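Structure below; questions to follow.
Labels A, B, C, D, E and F are assigned to the chains in the order they are written; within every chain, residues are numbered from 1.
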Amino acid sequence: MNTIMGAALPNIPWEERPDKCGDLVWRSSRNPIIPRDLLPGSNSIFNSAVVPFGDGFAGVFRVDNRKREMRIHSGKSRDGIGWEIAQESIEFITDVAELKPFEYNYDPRVCWLEDRYYLTWCNGYHGPTIGVGYTSDFSTFYQLENAFLPYNRNGVLFPRKIGDKYAMLSRPSDTGHTPFGDIFYSESPDLCHWGCHRHVMSPTRQWGWQSTKIGAGPTPIETTEGWLLLYHGVLTSCNGFVYSMGAALLDLDQPWKVLYRTAPYLLAPWTPYECVGDTPNVVFPCAALTDAPTGRIAVYYGAADTVTCLAYTHVDELIEYVKAN
Amino acid sequence: MNTIMGAALPNIPWEERPDKCGDLVWRSSRNPIIPRDLLPGSNSIFNSAVVPFGDGFAGVFRVDNRKREMRIHSGKSRDGIGWEIAQESIEFITDVAELKPFEYNYDPRVCWLEDRYYLTWCNGYHGPTIGVGYTSDFSTFYQLENAFLPYNRNGVLFPRKIGDKYAMLSRPSDTGHTPFGDIFYSESPDLCHWGCHRHVMSPTRQWGWQSTKIGAGPTPIETTEGWLLLYHGVLTSCNGFVYSMGAALLDLDQPWKVLYRTAPYLLAPWTPYECVGDTPNVVFPCAALTDAPTGRIAVYYGAADTVTCLAYTHVDELIEYVKAN
Amino acid sequence: MNTIMGAALPNIPWEERPDKCGDLVWRSSRNPIIPRDLLPGSNSIFNSAVVPFGDGFAGVFRVDNRKREMRIHSGKSRDGIGWEIAQESIEFITDVAELKPFEYNYDPRVCWLEDRYYLTWCNGYHGPTIGVGYTSDFSTFYQLENAFLPYNRNGVLFPRKIGDKYAMLSRPSDTGHTPFGDIFYSESPDLCHWGCHRHVMSPTRQWGWQSTKIGAGPTPIETTEGWLLLYHGVLTSCNGFVYSMGAALLDLDQPWKVLYRTAPYLLAPWTPYECVGDTPNVVFPCAALTDAPTGRIAVYYGAADTVTCLAYTHVDELIEYVKAN
Amino acid sequence: MNTIMGAALPNIPWEERPDKCGDLVWRSSRNPIIPRDLLPGSNSIFNSAVVPFGDGFAGVFRVDNRKREMRIHSGKSRDGIGWEIAQESIEFITDVAELKPFEYNYDPRVCWLEDRYYLTWCNGYHGPTIGVGYTSDFSTFYQLENAFLPYNRNGVLFPRKIGDKYAMLSRPSDTGHTPFGDIFYSESPDLCHWGCHRHVMSPTRQWGWQSTKIGAGPTPIETTEGWLLLYHGVLTSCNGFVYSMGAALLDLDQPWKVLYRTAPYLLAPWTPYECVGDTPNVVFPCAALTDAPTGRIAVYYGAADTVTCLAYTHVDELIEYVKAN
Amino acid sequence: MNTIMGAALPNIPWEERPDKCGDLVWRSSRNPIIPRDLLPGSNSIFNSAVVPFGDGFAGVFRVDNRKREMRIHSGKSRDGIGWEIAQESIEFITDVAELKPFEYNYDPRVCWLEDRYYLTWCNGYHGPTIGVGYTSDFSTFYQLENAFLPYNRNGVLFPRKIGDKYAMLSRPSDTGHTPFGDIFYSESPDLCHWGCHRHVMSPTRQWGWQSTKIGAGPTPIETTEGWLLLYHGVLTSCNGFVYSMGAALLDLDQPWKVLYRTAPYLLAPWTPYECVGDTPNVVFPCAALTDAPTGRIAVYYGAADTVTCLAYTHVDELIEYVKAN
Amino acid sequence: MNTIMGAALPNIPWEERPDKCGDLVWRSSRNPIIPRDLLPGSNSIFNSAVVPFGDGFAGVFRVDNRKREMRIHSGKSRDGIGWEIAQESIEFITDVAELKPFEYNYDPRVCWLEDRYYLTWCNGYHGPTIGVGYTSDFSTFYQLENAFLPYNRNGVLFPRKIGDKYAMLSRPSDTGHTPFGDIFYSESPDLCHWGCHRHVMSPTRQWGWQSTKIGAGPTPIETTEGWLLLYHGVLTSCNGFVYSMGAALLDLDQPWKVLYRTAPYLLAPWTPYECVGDTPNVVFPCAALTDAPTGRIAVYYGAADTVTCLAYTHVDELIEYVKAN
């Protein structure tokens, strides 16, 4: 039986672990797979979300322009490595007049749910909150009501209803470079009204890399062992924040119950493209592709708030490690 | 026709405006009506909510004990001035196991809605958020799901559905002595799931008394001119926060639309019991009684985070003033 | 010979030092001489400047209204104690279009210089800076160019040219509740362009009451011993700023040279009207009347950022004390 | 058997608990017993230590002068209520050249230990640390080496050796208005070198009045139930710190082991002289007199960093309360 | 007609835009043109100003030594690329005794005005302010009065009188790493007294790269379209400040009127020498050479507060872009 | 006569100064000599201490694991360049029950003193303080009482008694990324109780690289000219702390008396491995090997809180430079 309860994705981007590498998660040799200036006028392209689409892949990308405005753009790729990103940012169609004055969009996630691709992102509405929208074709995008009151970031949908309701993780925040942050779970009957908020997990004093704040990363991956959640954790050094990646296993039916959680990080800023850039020392995962038969997982992450990168792992090794640590 | 769209309350607490007083809102000569040590072991009793109940009045009171724990207690009164407050804090009955580990409760509001008295308060659940509960008799209290994710304070229900949905004002915050704060509006089909969040109003740079943050006070009063909202505003002096009271008129059908808003405050910390206490310089309104035929309004407010006070105004004068300023 | 090199002012407000009082500066028994609500709609009246005018006195008063906007108003008095303050704030006539968008005015000083009364005050122009204006009758007021770039407060003119140039003290600041502040001296040939900036004095670590920042108070008083400068000093307690008053003697010809400076304060917040109010613990002198033949000095000061008060001292005792301490 | 393991003090200052008062600790009706201006030139007299001496009492008093320099002065009293305080601050005799450059002295404690009165205080030596000295007559004072490295405050000696070594409580701090603080225990063979540092207790999140920092107050009182420690706790409101008093029982032989600790405070700033002054909202105990046969305890505490006050309690009631809460 | 209203400079340093580069401003392939250790004992050489001089070029360079003292040094170059910098820092000749105690000098600008080269720089005089001096030969330097009161930085002279008066841009600041900053304009009849201060422009919330503060860079370039001002803008990331370069066009006669201003930055820290160094992520322009006939502009900028770099642009393209964006 | 009063160490790691290098201290061409991932599961290996041991060398290394827990590990090396570090962190044997609950260990120093190797390190005990232990074989380690109360870091023993007592330098701190820090000297008769604390030196305003805080580095080196102390100094840029290395000469008998101190730094973060990593811009020396006959000194330092590096200098040149600067 496959550990990942999902589809096959034979064309998942993949590179084998280098021989001398003993790490559970390893980087693509082609990193950064998307340079900061892929688009004319782009300042940086990072913290982006990717899904299988047709024969290939589609995605929603955070593109900061040289005004340093934060926007999201759609993109398509044959192989998940080389990307064509739309020059224009996504303009949502919506019936809600209140949502129309545009402020900013960033850090998107994409999730196939029931019959379409849902997007969640950090949406500026008198402060950062969780925008919700959907698309079927990555050309036309529709916007629904914001899920929560400000101030919130890192809203991540589950890929199916849980107990008759839609479910989302998020990380309530403040108005700035928030120095705290727990992950919460919320439920909705209609993707419009949300309630039954549950606390999932907090930063830890003990394990420094996740001692300041934590936030959900890619759409949770359903496995036989629970929801596999990749998340970022933040350490505060004397010179600022350091973002690393860890993983947790959440109960399948009550996902606010944490079954296991990694004490060590899985990936942290070690390479020049992770350590140097607009924000030094950032590894920020936003999407994961999975191939159930082989257990392969390809993680897309933003590096240094500047470029988009790819790393690989294997579900069984990862789950074993999460359980053991 | 009465301006206030509500019931008569002939026994509303009342004192006429003193002769020499030219102010729109005037203090009770019996202030503070509830001293800090009304209960054995109480440190302070303030920021409390009062409603008509039977022949007299009932209420929910913020009582900080001498551990400086924050609790809410029920109370009853024949005249709205002299109060008997329960020695024990309210213990809610609830089906939601997650809500049971008690952290803290404070700053309650009470609202008669449809068939019972609903309470909202600042409820500690991994941070401050808006607790929701109800009672019919002020003896037994039931707790529902928290309305919102943390971090939030000053949740205030409207006294009827608006457009088929329940409605609440709140002020998203951070984890501490929040230095910002706007009022938002949210809707719910079931008092459990909330959405369609709308921005209502922000602090103003120009009018200093409400330049740091603002938050809804008593349950909005339905009038022919719109919802009359008393609210607090905060100024940051070099020696800390100063809390004052103002008023706004909100659209009856789309209450997130502000029709009028007072530039001057209506009541600010001037008296010793408002300027000296656990937190100097606080006037914090939490409840208002109204008598529709006479247009009398009696406002209950906490003073200096220490005692409970009463002030009076008249709806027509107040609305005229709000419109003019 | 008189110590004070100025005119007689036989009608200077005066009360003898109380018998049991051993202090160099003593308070008026009629304090606060101007209550916060002297005007309808005033929140507070404080930090104000007074000069002899005709048979009596005139002044410019900081009046914060109940929007907590900061304005200056003119006022007149027969005896310097009872004041009639104009209901409307001063509207300046000016040729400079750039100065017309009004932001705020506060903390005025008034100085008779050559042929008219000059005003300086904290003027909002993209931040606080030093406004300059004049009047002959305290009815019509003219505004000149701001003396300095923002951010500056407590600009105080000398009452005559020094070495062919006009002279002003000021205290450069930042945009908020500035936690630092030295007094500087500047010169101008024309009251429009200023230069030759000189450092006068700094806060002191050693003497706590003036350890955070200092700022000039009333127009310096010319004496045979030098310019007598009353100034405020600020201490930062764990609960905020404390403002007290001290004195210094500056060289007559090179006023940036400090001859003497009081180590002890002369007046500090001790009374309820100085300790309790919109900003607790503030004594802030802005004007002094002098009677050269008797050596009497009457100091006007704001108390608790709320009311206006009066204190008395005698020039010879004061100078002796300044020299000795 | 007496609960207090100490001497009789028949002339202990005493007033019975007022009839209507239900509190465990009650204030002297003569408070403040020492006004801020008892000495010519004193700004405030507070946070001071008192012991039986001869037929009456002696003490060491924190006297801030009007330069706002912090000094300690000796004083004597016949009845413990009316005090004569030396006009000049204490000048210590010492062999240690390094200790001679004077910075500041404040918050003294006095402790009879073996054969003389030992003083500990906050001593400025490149930052605040714990000064140690002694006297036999309250006229001549000798200074020993500082007990600890900076930055430290609230050093309090035990009145006898414990397990062959001298013992001291202290509260390590930082260089400013420290926002944290635990009580530690240290041992010394010779009152010069200190080691074997043990953690005693921390602030508590749960009980707000002691949630920011805590520090030992008077010399611990030996009782049959353990060392009775009165201490202060600090709460951080949006307008600054609030200092209250609580109590703990420490193990007689291993005093770093806390047997009991009050969740509620025993005394908090409620009166005008505690709420208004140089630092609003401070109750800061520094000394306690005890009469073993009657169990009476008289606590000296500073109020609002301005004046010295007295409160009373009874050892048996107090211990019973500490154990119960 | 030439767009630049200035002289020809045929030997302006120049490299053509690389083929694949689509940017308006492109870097020299020889960057950094001045390494941090060009001088024995230099820690860094950056934020420096260059002008045509004789057959070649001269300049004033910020050289921080290994004490991390900030000094300015003169330098000369044949081609504007290879520089000989004086080993000793500039020692100014001045008549003003008050200016002689040296504190620090940094971030110089140089401007040919009427008959000599004027220097402005950040001059330590009881805080940072704008020093003014001149030279004719880059060997002997004379110092005039400081232009403004502290606290100020980035003072930049216009290269001719405007409306009969000298003119300077500056950016008032505070005493530290100022988190705010607008550009102001001031006038002087004599380069000694300054007044008629005008606000020019502020940071913008919308365009992140210039959302914290902005400051003038090189001497404004007179063009037929207005004064071309290159300036720096600062963004605050969670890991500190990021400095980028933009441009504006100011009215020729009333330069405080901004005609156009770039929403996107023109140059931002992308390369290793801009992202890594004593202050990561800094691009800070201080000088520009222009060749009117060709419209070439060579911009000197400091990188990472460590080295000096060169970038190129063309005036017509730049002005077209500024107008369009 | 040798300048270094110590043993010969013929196998000291050594590389000659590169030809073109004019610096007093030069880096090893093999830097970083210990990579961050030398151990499986290590995040970083830095700030470590090395001594001669047997035929080769031994050391104690700070190894942060991927939980970002801070631990110290022992290690051995034949040549001082290639190291074998124990996979498991040091587990101390101790009689003191209070010391057993492990919090964290970091920044070790090692010092041969009398008959064994003593370790000091930053030991978590209710905050950072100075742990003390010893070993004879770098396999078994014994822990003694902490030297001081929290909060303290950078405790460094002298290699012999001074005036009959053991001696230690340390840097009292606060609980976080301390923004201040002086070096103090303390004495002990028994390595358990410490007293006679003396101030040694403070940061300097003037020399930026050591303007925020300073802390002792390697064990002081005894020379004919005094104790040679290598230390780190910290500058606060707008983007965080920068750590550099300097040197001082302390009096042999009264080491708290500073004879000389370098105004310039000797080594600062210039290379990629010092500028990029977990904490950018850190050079942090913790150990020095010396060869008395040749005067060679090999300094081990942590770079960027990530890797371990080596630099070289010569004692006579260094002392001459310290005296001259």
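In this text, a residue touches a chain if its C-beta (ideal position, glycine included) is under 8 Å from a C-beta of that chain, and two chains touch if they have at least 3 such contacts.
Nothing here was measured: the structure is a model prediction, and the numbers come from that model.
> Shared touching chains for subunit A and subunit D?
B, F
> If each step moves to a chain the current one touches, what is the fewest number of steps from subunit A to subunit E?
1
> Starting at subunit B, find the fewest moves between touching chains needed to arrive at subunit D.
The least step count works out to 1.
> Between 0 and 180 degrees, and as a multiple of 5, what angle does the rotation take that fits subunit A onto subunit C by Cα atoms?
180
> Same or different for subunit B and subunit C, when you check if over half of the residue numbers at their contact belong to both copies?
Homomeric contact, different residues on each side for the most part.
> Starting from the Cα centroid of subunit D, hunt down the chain whose centroid lies farthest away.
Of all chains, E has its centre farthest from that of subunit D.
> What's the distance between the Cα centroids of subunit B and subunit E, rounded to whole Å?
Taking the average C-alpha coordinate of subunit B and of subunit E, the gap between them is 55 Å.
> Which integer distance in Å separates the CA centroid of subunit D from that of subunit F?
Taking the mean C-alpha position of each chain, the two centres sit 40 Å apart.
> Would you kindly tell me how far, in whole Å, the mean C-alpha position of subunit E lies from that of subunit D?
59
> Two or more other chains in contact with one residue: find those residues in subunit A.
239-240, 276, 280-281
> With chains as vertices and touches as edges, which is it: line, ring, star, complete or other?
Topology of the interface graph: other, matching no listed pattern.
> What chain-chain pairs meet the touch criterion?
Chain pairs that touch: A-B, A-E, A-F, B-C, B-D, C-D, C-E, D-F, E-F.
> Which residues of subunit E touch subunit C once you look at their complex with the stated criterion?
98, 125-127, 129, 145-152, 170, 172, 174-175, 178, 180, 182, 184, 186-190, 192-199, 202, 256
> Which part of subunit F faces subunit E closely enough to touch in the complex?
Within the complex, subunit F touches subunit E at residues 22, 206-209, 211, 235-240, 242, 263-265, 268-270, 272, 275-276, 280-281.
> So in the complex, the part of subunit E that touches subunit F is made up of which residues?
Of all residues in subunit E, those touching subunit F are 36, 40-41, 43, 64-70, 177, 239-241, 276-281, 305.
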